[in-house]
Amino acid sequence: VEADPVPDAVRPTASASESELRAALVRSIARVHARGWCEATAGNFSAVATRDPLRLLVTPSGVDKGGLAPGDFVTVDARGEASSRSAGRPSAEVGLHVALVEEAGAGAVFHTHSPWATLLGERFLAAGGIRLGGYEMLKALAGRTSHDQEHHLPILANTQDLPALAARVRGLVRAEPGLCGFLVAGHGLYAWGGGIDEAARHLEALEFLLGLVGRRARLDPFPVPAPQEIP
Amino acid sequence: VEADPVPDAVRPTASASESELRAALVRSIARVHARGWCEATAGNFSAVATRDPLRLLVTPSGVDKGGLAPGDFVTVDARGEASSRSAGRPSAEVGLHVALVEEAGAGAVFHTHSPWATLLGERFLAAGGIRLGGYEMLKALAGRTSHDQEHHLPILANTQDLPALAARVRGLVRAEPGLCGFLVAGHGLYAWGGGIDEAARHLEALEFLLGLVGRRARLDPFPVPAPQEIP
Amino acid sequence: VEADPVPDAVRPTASASESELRAALVRSIARVHARGWCEATAGNFSAVATRDPLRLLVTPSGVDKGGLAPGDFVTVDARGEASSRSAGRPSAEVGLHVALVEEAGAGAVFHTHSPWATLLGERFLAAGGIRLGGYEMLKALAGRTSHDQEHHLPILANTQDLPALAARVRGLVRAEPGLCGFLVAGHGLYAWGGGIDEAARHLEALEFLLGLVGRRARLDPFPVPAPQEIP
Amino acid sequence: VEADPVPDAVRPTASASESELRAALVRSIARVHARGWCEATAGNFSAVATRDPLRLLVTPSGVDKGGLAPGDFVTVDARGEASSRSAGRPSAEVGLHVALVEEAGAGAVFHTHSPWATLLGERFLAAGGIRLGGYEMLKALAGRTSHDQEHHLPILANTQDLPALAARVRGLVRAEPGLCGFLVAGHGLYAWGGGIDEAARHLEALEFLLGLVGRRARLDPFPVPAPQEIP
């Protein structure tokens, strides 16, 4: 893993024309869908088109993520409301995307529902999060330069009260600067970055690390044999 | 997950020309096959072309589901008999499809053989079903608006007496309105919806939830550490 | 699963021109490779071009199975020797293919190295085989018409003495008519059929069933809850 | 598995024009990426363009491995320094690649981060390595002609001091001739060969064998039933 070390959790969003941004979102979402992390219309994805005023491209509500086209995204403002020219209805979770753009400086936000994110969020909710440490893959998270730097992945309880959840997300991001993701228990993972590529990198790295935690449960009773007895 | 909440288990089938319907079935089955849920010619799929009189497009018996063409489907009537113009023989399980179209208002029925559906149906048969609760993915099932609304996935014993199985399916659907799927023990999953997209969404959501149940078996002895010891 | 019930383990090979046969082999092997069952040049595949005299198309030795072309197959005779016009060297295991063609009437033989085939062959070698019963997928094996008909998958010990292994295969096929596959412990699976499609169907069905056996090991300590406690 | 038996761990690199070499690297990396072994920009890959003086093509630092183009590779010399014409910055781990080219005669080096390589390296670090024996897939490793020939996969502790790690790699390769791979604990796998095809074959074979070790942990409490009770 060789992410460039950067001082903050996210890098500034590179300028890109909106049509390039839409095309990049389509490519990145297709790859996420192919991994099985947004089955059954699950998941939502956004990228910042302009910051001042905020214009955020977001996936429409209730659509399959396996075959999006560049024109499918809805444009919303800082209140999460769709512009008059948008065809669809924005994802119901758009308020969480706006919260991450405003509080964490995110330029792109990816929300997925993988099996491990769903299960491990449920399993570790009482502990408040999962501390990930000792893996080289941690260096794919912006600002980490060594496998020895522990990363905390917070877990929030799930709720259908999305404004309340967005408020908790704002509080979480203020309390733990340098975050690039969190779990919602029994629900899924939010990951973000300065732009689409970094959001995708954070998503893949966090999913990989969650996969390690899940697989370790199977290995834990596996005794380490003495060298002459391996394996 | 952002399925539109609807009052009933299935939405009315959108009108579509039969050639569009055939093309949509081909695309949807190809995706199911790519996930490994209908290996070795397993599985069968149908969609309603007209309701009155019933004309149902169904996959032919014994064919590989990895390379279907729009012309491959057999048209059957309400007795499950192929029209004279159909080339192939309909799936032997066509009677279950007709039962679901008539009793549950299904516009499309997908029957798959995934490993988890096969194994968990076998494992939980004595309990009569699996209660799924607490997961955001439940909202992908029509009519569910919260992760807290429990969903019951019934399990029927397997049999080669298909008319008897179809009769049990009719009874099940009448007894539990709002169903969108059931398991046949050691056999697989039936999922349906108002149209092809909804049937596919229900299939993916139920398979995802079964995958959680299966993976949890591996996590269950996994002790939740105190926060300072995570992971 | 809706394989046509047939009285014998294999159906007669449909006549096909050799160029069609080569194209069908390429397509079928590509699909097997995509499933990860012949990594690192592992596996070998054959199909009968003519029976009298025997001309068998077989994959060459030591090649990657991810990008075969129709011209890559080697033609061998009943002694497993390549015709003078063949470019490559036939697979070292060609003698087992000839044995299955001659003793079992196979028209196509697929040999793969999946993780479950490798591990379960090792694990159950002492028992001589695995009895598969109770699964609908058994009906994908030629001649089975019910999930209740048990299927025996024999396991042979691995050896580098291929003529000796071929002789044991001949004995096995004579002793257990109706076989369509066997395991070699720590090595992989042989599956065959009357033609390429049936060999592929048997391969997929046996791999699916082995996957169930492997996954059940994880579920076995999973207690079945009383109905009111599910899951 | 039918790798040609060769006396040494690696075969001499076939001559190939640099543009063919770049195209072959692109194809091989795409396949590795599709398997999920280099998520989130993880992994690095190299191939020898000329040996005297050494000109090594290597993936640039910090890029996604899912869509490389032939022009993306950086050319470095024996000190790991990029030629003036190279656009990007070479991978930070390029010193390990040079060490393997010089000490092990590698013509191509593939470094990946799969879940099993990461976890099993961590799990068995105290034992110094994993002894792999009894599997036919071992014959995909150059120089092995039988499943009975044990293969040792060494494990090094992870560190961010890459010159120190490169020195340990040189010592390891001198001490254990015939190696074609090693693990870095909690980090990933290095595999190499005389050329790109052999490096890819060694990578796939070692990943397959690690997958067996990981899956066996799940099977180990699985009791072998008496023959009449199988499964």
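Residue numbering begins at 1 within each chain, and the chains themselves are lettered A, B, C and D in the order written.
Throughout what follows, a contact is a pair of C-beta atoms (placed from the backbone, for glycine too) under 8 Å apart; a residue touches a chain by one contact, two chains touch by 3 or more.
Bear in mind the structure is a predicted one, so any value in this text is a computation, not a measurement.
Overlaying chain A onto chain B using CA atoms gives a rotation of 90 degrees, to the nearest 5.
Remark: chain C and chain D have CA centroids separated by 30 Å (rounded to whole angstrom).
Note on chain placement: the centre of chain A and the centre of chain C lie 42 Å apart, centres being C-alpha means. Shown for chain D are the residues in touch with two or more other chains, namely 216, 218, 221. If you draw each protein chain as a dot and join the dots that touch, you get one closed loop, with every dot joined to exactly two others. Against chain A, in their complex, chain B makes its touches with residues 1-4, 31, 35, 134-137, 140, 145-148, 197, 200-202, 204-205, 207-208, 211-212, 215-216, 218-219, 221-222, 224-227, 230-231. The touching residues of chain D, when paired with chain A in their complex, are 36, 39-42, 44, 61-62, 64, 66, 91-93, 113, 115-116, 118-119, 122-124, 126-132, 158, 160, 184, 186-188, 213-214, 216-218, 220-221.
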